[in-house]
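In this document, chain identifiers A, B, C, D, E and F correspond to the written order of the chains, with residue numbering beginning at 1 in each.
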Amino acid sequence: MPSIIFDGPPLDLAQKRALAQAVTAAAVKVYGLPPPTMVVVFHENPPENVAVGGELLCDRPKS
Amino acid sequence: MPSIIFDGPPLDLAQKRALAQAVTAAAVKVYGLPPPTMVVVFHENPPENVAVGGELLCDRPKS
Amino acid sequence: MPSIIFDGPPLDLAQKRALAQAVTAAAVKVYGLPPPTMVVVFHENPPENVAVGGELLCDRPKS
Amino acid sequence: MPSIIFDGPPLDLAQKRALAQAVTAAAVKVYGLPPPTMVVVFHENPPENVAVGGELLCDRPKS
Amino acid sequence: MPSIIFDGPPLDLAQKRALAQAVTAAAVKVYGLPPPTMVVVFHENPPENVAVGGELLCDRPKS
Amino acid sequence: MPSIIFDGPPLDLAQKRALAQAVTAAAVKVYGLPPPTMVVVFHENPPENVAVGGELLCDRPKS
């Protein structure tokens, strides 16, 4: 605690490492709590499991 | 935002498409916000990861 | 289960009633599960607790 | 981590204390992880923010 | 409802069964609600999807 | 989407503003998605609603 839960698209290992570090650093600074209290969880969701505006991401035309 | 997170059993693609459309339409109407603000996420959980009344769904007798 | 969690702005009672009914009806139809299995939770978030694009909703210019 | 998030009706302090202790003890035993890793969060939801079967809890007839 | 969502490491079937039973029993006792109202969901997260103190669990030195 | 949900202690307005900006900037960089896709939600939890190691934060001895 605090816990920080991401629901986003899949990430590779280097991306998770970078994002966890950056978000934890920002949270430590703002909450004023020690780093070991910060828990980050990445939920990786495939494009067919997310919709924006009622349209699944997998149904979007490729640009 | 709003975000709408489903935790339920697995769905096929047509089911996700239908549910995302219906829920987004209802939310747009009630919140009075434009469709692109609506995010729907489906978390699909296998029967061994959900319990009702303390019993895992995979342990339920088949009817 | 399924559980359906909304994180959005505050709603009045009539809005919650309408949205819960519509979403539950859609979910019953798509999941093929009985209505009493459907749980809807509304988390109401004040504008200063939500940011889109890094900007808190309470900081947005009024249109 | 693990984090354990409850979405339920309001609880008084003694109830929160009892439930946090019992759930943490069970989780420590099953996960095999030390107690300080266990985070429990109680989201307290008023009856008008929860629906079961499409009906808000505040609309249920009193028994 | 109540819904109880775990975000933790993977568990085997026997662990899920034991944890669901213990947590549901504790919740039934404290909330004073019948067992069928209690829904438990296990989100299993691989070590590369969780960070504590900014460090991914998969990057921790083995002890 | 992505949505980023914080469950932590209460924050003042300046803290929310700073944390939303920093986290969104980090997420934009790592996900490679435009800022308006990023939604941050702060759930503020009073000390009696959070337990670490089975102990409510409000029960901790003051240091």
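Operating definition for what follows: a residue touches a chain if its C-beta (ideal position, glycine included) is under 8 Å from a C-beta of that chain, and two chains touch if they have at least 3 such contacts.
Note that the structure is a prediction, hence the values are computed from the model and not measured.
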Same-residue or different-residue interface between subunit A and subunit E, half as cut-off: different
Chain whose mean Cα position lies farthest from subunit B: F
Per Cα centroids, the chain farthest from subunit E: C
For subunit D paired with subunit E, centre-to-centre distance based on mean C-alpha positions, whole Å: 12
CA centroid of subunit D to CA centroid of subunit F, Å: 20
Sequence positions of subunit C contacting 2 or more other chains: 1, 3, 5, 7, 23, 37, 39, 41, 43, 50, 52
Touch-based graph of the chains, sorted into line, ring, star, complete or other: other
Interchain contacts, given as pairs of chains that touch: A-B, A-D, A-E, A-F, B-C, B-E, B-F, C-D, C-E, C-F, D-E, D-F
Touching residues on subunit A, where the partner in the complex is subunit F: 1-9, 11, 15, 18-19, 22-23, 26-27, 29-31, 37, 50, 52, 57
Subunit A to subunit E touching residues, read off their complex: 3, 5, 13, 16-17, 20-21, 24-25, 28, 35-44
Of all residues in subunit B, those that touch subunit F in their complex: 1, 3, 39, 41
Complex contacts: residues of subunit F adjacent to subunit D: 7, 43, 45, 48-56, 58-59
